[in-house]
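A short write-up of the structure that comes next.
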Amino acid sequence: MKMTITAAAVRRLLLATAACALSTAAVAQEELNALVWCDHTDPALIEPFEKANDVKVNLKEYEGTGAGLSIVEQSRPGDWDVFVIDGVDVPRAIDMDLLAEIPAGRLPADDIFPEVRMEANNSKDGKIYAVTEKFGYNTISYDKTKVDPKDMEDLSIFWSDKYKGRIALYDYYLPMIGLTGLAIGKTTAELTMDDLPAIKEKLFEMKKVARQVSDVVASQTALVTGEVDIILGGGEWVTAGLMAEKPNLDWTVPKQGALRWAQSIGVFKDSAKQDLALKFVEYILSPEGQAKLATSSCYWGMPANAKAGEHLTDQQKTALRWDQQPEYLRTTQLYPVVDAELDAAMQDVWTEMLQQ
Amino acid sequence: MPRQLQTAFAILYAGVLYGFIFLPVVVLVLFSFQDGTLPVPPLHGLTLHWYGEIFADRKLMAALGNSLLVAVISSAVACLLGFLAAYAFARYRLPASNLQRALIVAPMTVSTLIIALGLLSVFSRLDIQLSLWTVGAGHVVINLPLCFAIIYASMGAHQINIERAARDLGARDWQVMLLVTAPMLMPSILAAFFLSVTFSWDEFIIAFLLSRFDVTLPVEIWSMLRSGLDPKTNAIGSVVFLMSVVLLFMLELIVLRKSGKPS
Amino acid sequence: MTVTPLERAEQRKAWGFALPALVWTTAFFLFPFAYMAAISLWTRSGGKIVATWTLDNYAAFFGKSHLLKALLNSLEVTAIVTVISILLAYPLAWIIAERVPKRWQRMALIMAILPFWTSYVVRSYSWLLVLSKGGVVNQTLIWAGLVAEPLQLSASRTGTVIGFVHFFVMLLTLTIYANLVQLSPNYRRAAADLGASGLQTFRHVILPLTLPGIMVGAFLTFVLCIGDYITPQILGGNNELLLPQVIMLQLGRRADFPMAAALSLVLMAVVTLAYLFCARWLKMERT
């Protein structure tokens, strides 16, 4: 008796599984596979596109261009349709022959802030391969009720004991090495192997005054719980989303300048769904898509399309510092451009610093 | 030490340790009711808002479903393979059986990170697309030793006589195994199954490295945590806890109590 | 010894039952492990994995102090965690086994391991809040007048250790309890009859009898602790890196699979050494 019940249960389970498999097959829509940064995984951004085009967008997030490229390398050609990549690394992707040419007519080229168009990176031989979609800064975020905002205007504060034990360093080697370079007067674009020993020494010193080296959420947690009062490497993308609840958080660009990050979006050359992929790129670059991307749940950042402003509230614009952009764009520099060797050396320096 | 003092000390010690053990859970559940967007002290007020949010979150619910599916199927496979192997080693004499048993339980002594990396390298070499199936295969690897060990340990000599009696009455081998041995061992099979389910359900590193678009709950929670502070994390944590506790007590009441065997 | 046809048939049947498990473990555990060991001898250059046989990755591990330090950190943290967890768990298991009335023991034990069933990731993150400057622990310490300033508990080795100890106290309470209840009360009675005090009975009778169980628990703690990525990543604040964190860095940032494989093999070697140590020790106990 007992056995029949178990057998029946097993049969029902098998049937249910089969039904499940069948039902997913029955409603199988077209799918778009995108290799992205985490801000693209916000349903508020993706769902409108999915509904409008009756597709399912599969998103895989990655951390760092090296990891992204290795995912591509381990995949079969045609596995991926859309690629979001660090603006400074687009030439690498073009050289690897990964990206398809984007017809200029389908892009809102004139609406994109001239300073972030980055034609030198995004195109080659007059052909466009990627478009800047979002940008922001790795600079200084802080709690203005706990620190003297004037101190935040100078990077040298990170090599003094004044805020010892109250600083979190953002755990990403590229901008942090860039910022350290700025502090000792090196331009990020010209960083070479020879600059690393000096930077390493400064990083080690900085580690001594820092309380922790953390990813986005751990830094945010530390800032709102009062664990730390300053995040070096932070910026609007760390604090803007929190400002509604924690108005005492602020960020600034110090006098030495800061780093500017920019992400580009492109279509994979081997994608079998060129048109759909292009539609997705168009959507992301449209004013609506841009506004949603700018205020994505993962992190905020300036939209590349100037018209996105029409879809943002005044409060959102204030948090993003919409009006101060010209000045920030002038005083900030792009991430260092590195080859594999320099990249590995920089990561070694960073890991050594963590182990200090 | 006088007896009363000893007892008082024991109560104090147990109290402090139970406090330590429950501390993160209490804080976790408490801040899932946080009225505000940050699950950090101070507690502003109580709301059920975040529970509404998680049930409306399509990705999170899909991950919950995926986790259940992977846990149940991989545990069932692990139990089946474990049971068959246990039956073979307990009832028959196989050459080099010590070595073979050692092979089956070996994954238990290896870090899951290493198991995951090994599988990842093989899957990518063989062009096998990562999916929930690859996660499930990995979970069978870590749960099979457990299921085998539990079921093997419960196979005693007293069952052999009953099996022999069944065979003498004309039952075939598979009938003996399915209708006599398996029901006799049901408590330990179920214990192995549920233990596997709870391990698979909460396993992170294999699920993280071997999945692609469809992810399990721990991986989804991890990416939620990477992307911003939210009491939703606490709410889903509390729900998972509640579900697991209900499952645990069901197991305790139905399976283990009835059999009268200590777990 | 002659094998009768009947025995041969029986044996064939036995293989049929054992084979699925053996094949699975070979295909999804043994083979991947061997393949990974091979990869650890390859290199990554120019963005591709190149199958040239070299010990470069291992040389890099022993040559770069920050990688070697990850192993030392891991060993230190694991040793600290194992010792503290055993010292905390043993009395609790003892109290449950000896002081709690029989009918309540199961309940007491289940309560001691209940938080196992909160999501591991969420639980570690919850510790971050508990241990923060304004968190429960620091507030209580300040309120009790034990410290004047909040202690740095999270984002440090202390945080990692506390997170780990929490997990392993639960695990070890379970294993040690299982050991204690298996002891026959006759041992204690015999010891008492011979005039041993409570403490003497514990030291000379109970403790030696439960030591093998403790060693098994300690080994389990060692394996799980040294291979864990979540707890140090969430609670350690990157103030130092443990081996699994460095392995994940090779994957996530460098896409250097051969190096990750080599580091994993180092981890594996350490675990094997620990196993041999425990096994040898247990054997010595028995003889």
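Just a few scattered comments:
Lettered A, B and C in written order, each chain numbered from 1.
Quick note on the criterion: a residue touches a chain if its C-beta (ideal position, glycine included) is under 8 Å from a C-beta of that chain, and two chains touch if they have at least 3 such contacts.
Listed by chain with UniProt protein names: A = Spermidine/putrescine-binding protein; B = ABC-type spermidine/putrescine transport system permease subunit II; C = ABC-type spermidine/putrescine transport system permease subunit I.
From a predicted model like this one, the values you see are computed outputs, not experimental measurements.
Interface comparison, B-C against A-B: more C-beta pairs in contact at B-C. Among the remaining chains, A is positioned farthest from chain C, on the basis of C-alpha centroids. Note on chain placement: the centre of chain A and the centre of chain B lie 35 Å apart, centres being C-alpha means.
Annotation: 17 Å between the Cα-based centres of chain B and chain C. Within chain C, residues 129, 132, 134-135, 234, 251, 257 each touch two or more of the remaining chains. Among the residues of chain B, those in touch with two or more other chains are 40-41, 225. In chain A, the residues that touch at least two other chains are 221, 225. Taken together, the chain C residues at the contact with chain A in this complex read 45-48, 64-67, 69-70, 73, 128-129, 132-135, 152, 154-156, 234, 237-241, 246, 249, 251-255, 257.
Contacts from chain C toward chain B in the complex involve residues 10-11, 13-18, 20-22, 24-26, 28-33, 35-36, 39, 88, 91-92, 95-96, 99, 106, 110-112, 114-123, 125-127, 129-130, 132, 134-137, 166, 169-170, 181, 219, 223-224, 226-230, 234, 244, 247, 251, 257, 260-261, 264, 267-268, 271, 275. Across the complex, chain A meets chain C through its residues 63-64, 66-67, 69-71, 73, 96, 165, 171, 173, 211-214, 218, 221-222, 225-227, 340, 343-344, 347-348, 351-352, 354-355.
The residues of chain B lying in touch with chain C in their complex are 7, 10, 13-14, 17-18, 20-25, 27-28, 31, 39-42, 80-82, 84-85, 87-89, 91-94, 100, 103-104, 106-107, 109-115, 117-119, 121-122, 125, 137-138, 140-141, 144, 148, 173, 198, 202, 204-205, 209, 217-218, 221-222, 225, 233-234, 236-237, 240-241, 244-245, 248, 252, 262.
Interface residues of chain B, counted against chain A in their complex, comprise 36-38, 40-41, 57-59, 73, 124, 127, 178-179, 183, 212-213, 223, 225-229.
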